[in-house]
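Here it is, the structure in full.
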Amino acid sequence: MKEPITYTKAFEELQAIVAEIEQGEISVDELSAKVKRASELIKVCKEKLTNTEEDVNKILKELDAEG
Amino acid sequence: MSELIRDKTVFTLTEVAKSIQKTIADRYTSAFWIKAEMNKLNYYSHSGHCYPELVEKVNGRVVAQMRSTLWSDDYININNRFLKMLNEPLKDGIKILFQARIKYDAQYGLSLHITDIDPSFTLGDLEKEKQETIERLKKEGVFDLNKKAVLSLLPQRLAIISVETSKGYADFMEVIEKNPFGYKFFHMLFPAILQGENAIDSINYQLSRIEKVKSHFDVVAIIRGGGGDVGLSCYNNYAMAKTIALFPLPVVTGIGHATNETVAEMISFQNAITPTKIAEFLIQKFHNFAVPVSEAKQQIIQEARQQLLDANSLLQSEAKLFKHITIGMIQRNKNLVNTHTRSMIQDAGYVFRSERNKLSTARQTVLKDATNQLQRAKQETGNLHQTFVRGSKTFLAAGNISLQSLEKNIEIMNPVHVLKRGYSISLLNGKAIRSTGELNENDLITTTLFDGTFESTVKKILPQQS
Amino acid sequence: MKEPITYTKAFEELQAIVAEIEQGEISVDELSAKVKRASELIKVCKEKLTNTEEDVNKILKELDAEG
Amino acid sequence: MKEPITYTKAFEELQAIVAEIEQGEISVDELSAKVKRASELIKVCKEKLTNTEEDVNKILKELDAEG
Amino acid sequence: MKEPITYTKAFEELQAIVAEIEQGEISVDELSAKVKRASELIKVCKEKLTNTEEDVNKILKELDAEG
Amino acid sequence: MKEPITYTKAFEELQAIVAEIEQGEISVDELSAKVKRASELIKVCKEKLTNTEEDVNKILKELDAEG
Amino acid sequence: MKEPITYTKAFEELQAIVAEIEQGEISVDELSAKVKRASELIKVCKEKLTNTEEDVNKILKELDAEG
């Protein structure tokens, strides 16, 4: 599931889950699954952020090297 | 004089010419001020004389034409004044206001002998020509065309119209070639005359050549410099100006002079006072390109990092919020469950207490009411008991009383009491004698007294007389 | 005769006898017998009351004892 | 003759005698006899009353004694 | 009789008896039996209450123990 | 019974039981069974909450560790 | 991709990317690709500043050929 989801989608879904929980739209029964999903999403987001940061740094290092 | 030939009066050509000469000399005794266009100056350098060709045009068509002469001394004098006032020499194609005498020569025919030319008229006319050029270009809608031409983002390939040996060209190349930024230009010189009448064709010619290879160039630079300010009215020329205006590449001009801006400069894509300025203009274009590019790097680095930082902090705050509200929700539910548990414990306890109370009340009620009822029954029984005792006694007393009363009555009726008082009862044959009629003499009667009886015989009967 | 008669019957009969005596509806000849009967009835009633009271008290005492 | 007569009968006869005498329907001859009879009846009644009273008192005394 | 009767039935019967006694609808003859019955019912009820309370307390103690 | 019931169902049933007890709608006879049931439901609820809480804490701990 | 793009297009695209990034219109998902692209574009642009491929001889040949 990690591959196809985008950071944007993942973050939006995370926000949606948080909003649902905040507005009491989730029952305790669903909470565990939602928490799991949220955790996956957070991981996906972090991973994507880290990867992107590495990519960007690498590119910029190259750019600097070339002058 | 004239002769008659076959009835006709015939003059010789000389006679006619002399007649005309005389007539003109008689008629035109003084000099006139005339205005005309000097189509050609026709300067003869070895003699120093000029034979200007004068015309008048209406709507471009020649309606009058005349030859003229300007002698060397006059020419030098007038030309100096022109140069001084107009920055232009006497030249072809200008309008002039001149003083002349009409002269007829048998050999050369009619001509005007120019003695003076007013440079201020020509100045006005040149100015007028400039204005006309501007108006015409505007009217044709081409005035702004070169300004609207698209200058390459990097005007890197330069077609230079200049003179290789000129100071302007050298200045320009110095700036372009030795720029400290390492900007690389490609340039190619298209040599041309840059001032005077010939400049028009020369420049137009080179422009036409450049146009052929325009795809190799980004910009045309017309560079002049060090040649003084004379002979620049060519840049007001309609033909040249139109060529520049219509030129497919942007044309930049660095003509370098202190006089009024020429039309060519006005309509050029960019005009600079000096060739150096043109070079700087081009360098500036490079800057305009190079600076954003190198800034772009910084901006992108900064923004990308900032965005990642922002995204990261947003993500973290979302994660924190998520944790907070999730734990809050669990806590809330725990509290609810606990509240319900406590409430149930309390309520169950209350049920027990309440039921115990009810039972206790029932017990007390039973005890109280049973006791009361027994008490009441005892009371009733006791009352009845008393009533019974009293009734029994009363009953017996009443029996006694009635018995005694009867006894008294009987006692009263007992004859003994009458007998005691002296009365007696006499019986005849056992029956009480109530009347004398019942008696017969000698009847044996028994008389009862209170304390006994006695017997006697009736001797005499005495009935009561009433 | 004590066993079968109820308090209620006894009390009613007693009331009737007392009323008869009070209203003089009884002859002297019967009186003695009636008084005897009434006296018996009174005894019966009192006995029943006493017994009942004892029973009730005993029952409730037991109840109290048991808590 | 004492045994069989009841107080009621005796008392009635006594009353009858008194009534006869009062109404003067009895001859002097009978009077004495009636008075004699009445006297006898009174005696009977008194005796019965006294006996009854004694019985009743005895019974009531017993009742009081019992309770 | 203890086993089959429910607390509710027992209590209702008890209430009925109490009402009868209160309204004086019970004769002295029945009184003792009724009081006895009431006392039995009270015992039944108390016993049931106690048992129930013990059950409940046990359950709740377990609940507390488990946290 | 623990497996199939949801937290929501369990909590609703618990609320219903508590309300019944509060409003005195439960007889003493039923009380013990009801309290037992409620206690089971409470256990279910607590268990579910605890599990979810553990899940959340675990996830967030992981997240913190990674981040 | 380096070959066909003109420096003008490169410059425009670069500026567009800068504007997008500055206005936060680029998602994290796109960021890496955009930065990479920007880096390529920067290379293209920088190269252009210091290089030109025009050849005088070729131009002269063209001039002669046609005229």
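The first chain written gets the first letter, and so on, giving A, B, C, D, E, F and G; residue counts start at 1 in each chain.
Keep in mind that, in the parts below, a contact is a pair of C-beta atoms (placed from the backbone, for glycine too) under 8 Å apart; a residue touches a chain by one contact, two chains touch by 3 or more.
Because the structure is predicted, anything quoted here is derived from the model rather than measured.
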item	value
Neighbouring chains shared between subunit D and subunit E, ordered by label	B, C
Which of A-F and B-D has more C-beta contact pairs	B-D
Longest centre-to-centre distance from subunit B, chain (CA-based)	D
Rounded Å distance, subunit A centre to subunit E centre (Cα mean)	65
Separation of subunit A from subunit D, taking each centre as the mean of its C-alpha atoms, in whole Å	131
Chain centre separation in whole Å, for subunit G relative to subunit F (CA means)	66
Subunit E and subunit G: spacing of chain centres that average the CA atoms, whole Å	98
Residue list for subunit G, restricted to those that touch at least two other chains	28, 31, 35, 39, 42, 46
Per-residue multi-chain contacts in subunit B, two or more chains	297, 300, 304, 308, 311, 319, 326, 330, 333, 341, 348, 355, 363, 366, 370, 374, 377, 385, 392, 396, 399
Touching pairs - complete list by chain label	A-B, A-F, A-G, B-C, B-D, B-E, B-F, B-G, C-D, C-E, E-F
In the complex with subunit B, residue positions of subunit A that touch it	7, 11, 14-15, 17-18, 21-22, 24, 26, 28, 31, 35, 38, 42, 45-46, 49, 52-53, 56, 60, 63
Residue ranges of subunit C touching subunit D (in the complex, touch as defined)	27-29, 31-32, 35-36, 39, 42-43, 46
Residues of subunit B defined as touching subunit E within the complex	341, 345, 348, 352, 355-356, 358-359, 362-363, 365-366, 369-370, 373-374, 377
Complex contact set, residues of subunit B against subunit G	152-154, 156-157, 181-186, 188, 209, 212-213, 216, 286, 289-290, 292-297, 299-300, 303-304, 307-308, 311
Complex interface listing, subunit E residues touching subunit F	6-8, 11, 45, 48-49, 51-52, 55-56, 59-60, 62-63, 66-67
